[in-house]
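Both of the next two complexes hold chain A, though its partner changes from chain B to chain C.
So, the complex of A and B:
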């Protein structure tokens, strides 16, 4: 069995599972945020009306809550939803609630790794499509709808059909001007936005061993954009060090067997990679950044669970140091812990000297919620993960998805720019 | 949920690929916490311009008023996992969605809300897009009847049962998980 099959087998108390099997798995962790949380509570309300008594969740210790989409409260309704979440965690005794304005908080997927909320070998589900991100920690991580999350909150279980796995063997080392974002955009461009529908995308090989945990998280984050059920990377020394730095050393790793089966194996050579950009209006609509150097931009957005981790901000700082931006540029670190490290290591000064505005952690304009959404016909280069029509604001705005290096270089020139071409 | 009976209706052709859940219900409506009433926001940015219905959008064509079947293109329901998208389709009146492929989370969410998503071949979809007559969907017989010709479709047995009997997925799985696994295994294709 491969790692995904072994995790699902263990969680369902079986010795063997195969793709296509239906398994009821015990869930280790479940997450809701300020959009899915109120959605789940609406499902609870519906069940109550049918006479179901809901006065506890299956295990408050395994539930955690993030405030990310509409914080800082974008309007009165968002503010009300935060109150709703606060009452929910209080009522059900859920202690892990990361609150805006009370120390550590941020985008849910970022907290999952920054706070080591999920550990290798675990089954983790969340009320958000990018829950796949956390698979880079060697866990089975998948997004669910509100009704399914409600079910998990009540019972601690959920059924899955064991997915087929596509294995992406990554060779070589990424050149300095290329990031994991370029690699995953390249892959999505190759296989399409439904190329991995109901499948797991597993990343491995020497190129992954070379890659930092944060880079791997960029890969798994965007498996969602290929339609994948989940994304996963097997645990290794780098992951153990990453978790140890967060005070966690005890967990039960799962690794694939030597004869693990995959539906298909793809190979990518990192050293041949170039900066890639996804044009509007789909992540699969990719092009080499250099071929888009005539595209004029109105704005650069550096944020989200995909593109505002510490490593992403460091890449941006490398470009912006000693330069100034030519277009409106926003940087929103993905969590307070990252914001603080950016401050402590002098990155914020570089950003502000460059003329950039630095904002609080939030999903913000990535999902078009608030904090710098786009006007009609505005063109933005963004380190985020989606560029469907209207994703970041007006339905006739345009978003180009890029790596933090390309976004920063483009902010400096006002046009889509390969970092190698920056003077 | 209401048991799923045969549905006969004109089908609304939405001729776009990769329709993501943000097109189905734009993000500005996600803050609303009630589960009902989302139909008015369905395809909002395509359907309305400054609050006025856009004549060029298919849902505003009087020919498709009261349609219960939506025809869609590849990868329908991709993007955000928001279940509001399914709530809006249901509230608007769509009970069946037919496409060549669906995004995974959206597909699952449909069954939780009594909507039948049917996956068909390119050829079948093309036939459905080109017909002007009513389409009948028979879940029991797993067929789409168009111009008196039945076209069979596949659905997982457990999901078929849930819809036919109008069972609440949460309640059923709670009671019958062992049976479901055995049932699915015995009907595996």
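So, the complex of A and C:
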């Protein structure tokens, strides 16, 4: 069995599972945020009206809560949703609630790794499609809707069809001007937005061993954009060091067997890669950044679970140091812990000297919710993960998805720019 | 189930157009319905009638995990979406929450069915009758577990 099959077998109490088997698995961790949390509470209300008594969750220690989509509260309804969420965690004794304005908080997927909320070998589900991100920690991580998360909160288990696994063997080392974001955009461009539908995308090979945990998280984050159920990387020394730096050393790693089966194996050579951009209106609509150098921009957005980790901000700072931006540019670190490190290491000064607005962690404009959405016909380059019509604002606005390096270089010139072409 | 067709001849109809991001904060199902398909078809809520079917291409419901998407369609009156394929979270939200039926059809049926056609869907025989064109298509049968959850009326009513 491969790593995903072994995790699902263990969690369902079986010695063997195969792709296509439907299993009920025991869940180790579950997450809701300020959109899916109130959604789950609406499901609870519906069940109560049918006579179900709901006064506890299966295990409050395994539940954690983030405030990310509509913080700072965008309006009265979102403010009310935060109150609902707070009452929920109080009532059900859920201690791990990362509250806006009270120390560490941020985008749920970022917290999952920054705070080591999920450990290797675990089954993790979240009320958000980008839950796949956390698979880079060697866990099975998949997104679910409100009804399914409500079911997990009450029963501690959920059904999954054991997925086929697509294995992406990554060779070589990414050149300095290329990031994991370019690699995953290239892969999505090749296989399409349903190229991995219902499947797991596993990343391995020497290129992954070379890659930091944060870079791997960018890959697994965007497996969602290829329709994947989950993305995963097997645990290694780099992951152990990453977790140890967060005070976690005890967990039960799972590794694939030597004869593990994969539905298909793809190979990518990193050293030959160049910066890639996804044009509107799909992450699969990819092109080489240099071929788009005539595209004029209104805005650059550096944020989200995909593109505002510490390493992403360091890449942006490398470009912006000593330069100023030509278009309006926003940088929103994905969690307060990253914001603090950016402050402590002087990145914030570089950003502000460049004329950029630095804002609080939020999903905000990434999903067109609030905090800097796009006007009609405006064109944005963004380190986020989706560019469907209306995703970041007006339905006739346009978003180009890019790496933090390309987004920063483009902010400087006002046009889509390969970082190598920056003077 | 009998109803008329609202056809969108396109692939990858994503949750951002089915129910745009700014409305994610809303959890009143009737209110969500007034914004259904707003990113793709502003007239949808004026046009849709109880019992209607949506017919669409590949990868329907891709994108976010928002259950708002099948909720908005369901509370607009949509009983089933007939598509070439579905994104996984939309599919399980539709089934587990008992909001609507995600029915997979083949290319032949997809091409043949026109906007406003009257269909009769029977999941016990896996048949779709096109009453307007007097034709019969086969739908892809539901996998065993999915069929049982649908029969039970959603995941919470299903006893494993």
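The definition used in the following text is that the second predicted complex is superposed on the first by the 423 of 423 C-alpha atoms of A that agree within 3 Å, B and C clash if a C-alpha of one lies under 4 Å from a C-alpha of the other, contacts with A are read in each partner's own complex, and residues count from 1 in each chain.
In the analysis below, a contact is a pair of C-beta atoms (placed from the backbone, for glycine too) under 8 Å apart; a residue touches a chain by one contact, two chains touch by 3 or more.
Predicted model only: the values in this text are computed from it and were never measured.
With chain A as the common reference for superposition, the partners chain B and chain C occupy clashing space.
Of the two partner chains, both chain B and chain C are touched by A:147.
Of the two partner chains, neither chain B nor chain C is touched by A:288. In the superposition on chain A, A:127 makes contact with both chain B and chain C.
In the superposition on chain A, contact of A:21 is made with chain B only, not with chain C.
Chain A residues in contact with chain B (one complex) as well as with chain C (other complex) are 22, 24, 35-36, 38-39, 41-43, 47, 52, 69-70, 74-75, 77-78, 81, 127-129, 143-148, 150-151, 159, 193-194, 197-198, 227, 229, 282, 367-369, 386, 388-391, 395.
On chain C, the positions that touch chain A within their shared complex are 12, 14, 16-17, 20-22, 24-27, 29, 39-40, 58-59, 62-68, 70, 85, 87-89, 92-93, 96-97, 143-145, 154-156, 160.
Remark: chain A residues 20-24, 35-36, 38-39, 41-43, 45-47, 50, 52, 69-70, 74-75, 77-78, 80-81, 84, 127-129, 143-148, 150-151, 154-155, 157, 159, 193-194, 197-198, 227, 229, 282, 367-369, 386, 388-391, 395 touch chain B in the complex.
Contacts from chain A toward chain C in the complex involve residues 22, 24, 35-36, 38-39, 41-43, 47, 52, 69-70, 74-75, 77-78, 81, 127-129, 131, 143-148, 150-151, 159, 161, 193-194, 197-198, 227, 229, 282, 367-370, 386, 388-391, 395. Against chain A, the residues of chain B that register as touching in their complex are 18, 20, 22-23, 26-27, 30-35, 45-46, 74-75, 78-84, 86, 101, 103-106, 108-109, 112-113, 158, 168-171, 173-174, 177, 180-181, 184-185, 188.
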